[in-house]
Amino acid sequence: MQLEQMYQEIILDHYRTPHGAGLREPYDAESMQINPTCGDEITLRVKLDGDTVAEVSHETLGCSISQASASVLTDLVVGRSVEDSLRILGAFQEMAQGRGKVEPDEDVLGDGVAFAGVAKYPARVKCALLGWMAFKDAVIRSERSDSQEATA
Amino acid sequence: MSLDVTKIRGDFPILARTVRGGRPLVYLDSGATAQRPRQVLDAERSFLEQHNAAVHRGAHQLAEEATDAYESARARIAAFVGADPGEVVFTKNATEGINLVAYALSNASSGCNAAGFPGAERFEIAAGDEIVVTGLEHHANLVPWQELCRRTGAVLKWFEVGEDGRLDLDSDPITPRTKIVAFAHQSNVLGTVLPVEELVRRARAVGALVLLDACQSVPHMPVNLTELGVDFAVFSGHKMLGPSGVGVLYGRAELLAAMPPFLTGGSMIEMVRMEGSTYAPPPQRFEAGVPMTSQAVGLAAAVDYLGEIGMDVVHAHELELTALAIEGLSAIPGVRILGPTTTEDRGGAVAFVVDGVHAHDVGQVLDDRGVAIRVGHHCAWPLHRRFGVAATVRASFHVYNTPDEVTALVQGVQAAREFFGVS
Amino acid sequence: MSLDVTKIRGDFPILARTVRGGRPLVYLDSGATAQRPRQVLDAERSFLEQHNAAVHRGAHQLAEEATDAYESARARIAAFVGADPGEVVFTKNATEGINLVAYALSNASSGCNAAGFPGAERFEIAAGDEIVVTGLEHHANLVPWQELCRRTGAVLKWFEVGEDGRLDLDSDPITPRTKIVAFAHQSNVLGTVLPVEELVRRARAVGALVLLDACQSVPHMPVNLTELGVDFAVFSGHKMLGPSGVGVLYGRAELLAAMPPFLTGGSMIEMVRMEGSTYAPPPQRFEAGVPMTSQAVGLAAAVDYLGEIGMDVVHAHELELTALAIEGLSAIPGVRILGPTTTEDRGGAVAFVVDGVHAHDVGQVLDDRGVAIRVGHHCAWPLHRRFGVAATVRASFHVYNTPDEVTALVQGVQAAREFFGVS
Amino acid sequence: MQLEQMYQEIILDHYRTPHGAGLREPYDAESMQINPTCGDEITLRVKLDGDTVAEVSHETLGCSISQASASVLTDLVVGRSVEDSLRILGAFQEMAQGRGKVEPDEDVLGDGVAFAGVAKYPARVKCALLGWMAFKDAVIRSERSDSQEATA
């Protein structure tokens, strides 16, 4: 059965007990992202500590893939530098959009490699990326408000 | 009376293919787009191999033949919905047809455009005028009206949808300021068939125009637009076994005659000078540029095909499948069907949610078993919000579907619950 | 380098047919619509028999395959004209593409519509602003601008056409108030190729937008839209060996991103509520409703076919035929060719009048001999008035035409003179 | 050769020496008609004498078929009652739009029967009818201005 290729145990585990679920205060920036084809939504908050991602929290109204992905994201970026986290994001995105032809690096992506199977289903790639897009947007927003403070 | 599905399936080449590693294709997504029988493919191809030319423009033999084929297609499609050929305008899809009417309203209001069309004031719309839709519309019959309101200052109002998936007729927002009432004949999500007669009556009472979105009715049941008494109607070729890239705007002859044009260019003119132009009578006035010639020919072949089966037979067949689907799905714990759960005033679209399993995940399990359905908001996002869900699973039927395929759907939904451990 | 016409003709089923009682078909009306090779017909059919589904909407395997086919078509067509896939919007024909831009301008001006698109003020147009076209435009690139002027109070101005059928660059009406300069790459009547670079330079100098009507260039010569530096361009599938019912609007990425939508409905939205909607990025923002899926696939096959021959080879072949036609027709007393009589800056459309024989009558004699050409004003009525004629005869070529067919044309014109006793 | 079916000698004769050609004064009503596909134009004037068509004159910028048709029209309606002339028009139109399947009545249509061949070429039917449409329009106009006088 091909289903197990997409829904690997790791994914189902994260889906059942998602890390970072539930919005938390305080935070530096928030982003709401939506998948226009299915209406799924994620709201994601980022708290930075200097240059480090201190906390990620999110509320995801979506399928197993989008929820598990947000959970894995939380694991992968918390405690990393912003720069590192964006590098991980890049690797995740490359794999997700790679149509199953990109060999993921487990050292970089950790549990994220489980999403390699999703890459073979183009209609689900957006689900896997929803949380990551929210994270990217939130980081950009927090940097923008930072620089506003700096110039203020 | 009854229908030989096996014979019919033989006409559809795509139904013979397999998906996901050898599983037979169970295509339950005809509400999005239907498949095409050999007869339609052949009609289009033989037109292209024998008679293709620009229509209404050339004086050579091919141009004559192509024009005849195109106009014969118009006449057959018109007859299929009880209209006159002059009341059938070819568009690229139903969406264009609705936009055409919405833009004609604002064009009539930008003054001079209406010049030369006696009666065009019928279409003028001013700030504060009202447009009425319903809460179950496809985006195609909602967003163009929102944009018309933006352009003109008109106000959008709507009928609410009841918990049973029927229109709440008590929420009637029609007033003497209502210019047009636009609504679906059949919901593409819930399957609900709307009370056309009653809505036409209420619109008429205040002198409003009526536009019927017949995308989900004309392909599935007998429809006589003249008898329904609507002013405008739209439908798409690709949902009725015909080609993509072609749709129909129906308009009552006297209204089309008074309506200013939308798209302008070649073949819709009467006289062109650099300083200004005048326009041809309908339907030409609304068909600018080289049209979808072979697609119209293909759509006429689709209409012939459906007509030969008989639309009452098609409808009865689809309702039989709908009843089976409702029965089978309702028996699964945690499955909730949105919309009517009987076949009364209903067509063959069945939307549902499965407690604890997201629609995308249900769809994935079904796809893995070869069952093609649609998941998401089906371009009816406000309706989904009204039911408090982001996404539903929708199965929809056409003439080629079988009871066994409904069984495959039901079993697939059970399998999804098992896979995600909610059973 | 040179082209195997016999082999190519074998690809076009329709060229094997006869007309008017057994005469071989001599099809010299490709300027109106071209014929289609088996490769295009097969590509569309195999898509429909194997992969047909609604694109961008479904999550099942067919929907994935259909979406891939559709987006791959976009990418190949974009590459063919030197554009990025995101800069290619599918329309039903070129006419729709021009209307899209014209309506986007008035939509941007009706205030709130532009909300949410940074840079949309670039498209706002006010009473007294100016739109510039030329005196040789097809109605498709004239009437939509006349109507835009009616809607907004803008003023239409135009370059005059010289006696030689070239643009009179001294009649330049471009001023700092010019919002957009819209012109044909190649005249569909005279064959004249316009000086794109110079016109772009002049438009840029006043900050005006540029729209290129590439209907008669993209099918016949190598065209790189990015290198030409235009902002928008349009062309139609049916003139380039592809299907009817599909055309392309090219727009520079940054402009499309800032432009408000035209047709609205499904698949072009970001978020829809009853109270209002927001829209997707381009190209989706401009593709409302179920698109011309199989037609896009067919057009990509046409582009592959042309690309394999090589557009420089296609162009050289057509110019060879053009030279023969000019030479043969000029040798007939009383025949007057409108437009350039050399092949310099020229394409393969040859329009002419025959003293003492009306174009319709010439066309009839030609048709009787199996030669299909077009008679009339070819949707360029103002241009015909400028030359003081109501109608011309136009022969136009494509990759499948032969020198013998040009001879048949020339002999047919001679026969027409004899039949009407003017020789 | 099929050409001769369309261009019968009668048609070519009328084309070479058209009757009623050249606009004349005085007249009761004038109509300008245009063929939008080819740009051909006719201006046609009618002078009535009571209920009788006294004079028809026209200027035709068009092909042999439209010119010959206007000439034949002149012959057929001058001296007839308005009612008769409209009956003839009806018969001519029926034949012209009959795709070659309507047998024309020579007693009614005279030289007009020569246009039976044109009916087989749909693209030329408009040419054959151009003058007739102008005649019909002119008659309607003259009746309208009559009744305006009557009510004035």
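For reference, chains read A, B, C and D in written order, and residue numbers begin at 1 within each chain.
In the analysis below, a residue touches a chain if its C-beta (ideal position, glycine included) is under 8 Å from a C-beta of that chain, and two chains touch if they have at least 3 such contacts.
Keep in mind that this is a model prediction, so the values were computed, not measured.
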Relative to chain D, chain with the most remote C-alpha centre: A
Distance between chain centroids, defined by C-alpha means - chain B, chain C (Å): 30
Length of the line joining the C-alpha centres of chain C and chain D, rounded to whole Å: 38
Chain B and chain D, separation of their C-alpha mean positions in angstrom: 45
Distance between chain centroids, defined by C-alpha means - chain A, chain D (Å): 78
Where chain A touches two or more other chains, by residue: 37, 121, 124
For chain B, residues contacting two or more additional chains: 20, 57-59, 63, 269, 271, 360, 364, 375-376, 381
Chain-level touch network, classified as line, ring, star, complete or other: other
Contact pairs between chains, per stated definition: A-B, A-C, B-C, B-D, C-D
In the complex with chain B, residue positions of chain A that touch it: 1-3, 6-7, 12, 37-41, 61-65, 121, 124, 127
Chain A contact footprint on chain B (complex, rising order): 20-21, 358-361, 364-365, 368, 375-377, 381, 384, 390-391, 419-420
Touching residues on chain C, where the partner in the complex is chain B: 13-14, 17, 19-20, 25, 27, 29, 32-33, 35-36, 41, 45, 48-54, 57-63, 92-96, 98-99, 103, 107, 110-113, 135, 138-144, 146-147, 150-151, 156, 158, 236, 238, 243-246, 261, 263-267, 269, 271-274, 276-277, 288-295, 360, 363-364, 366-367, 371-376, 379, 381-382, 385
Residues of chain A touching chain C in the complex: 34, 36-37, 121-124
Interface residues, chain C side, partner chain A - complex: 56-59, 63-64, 67-68, 269-271, 280
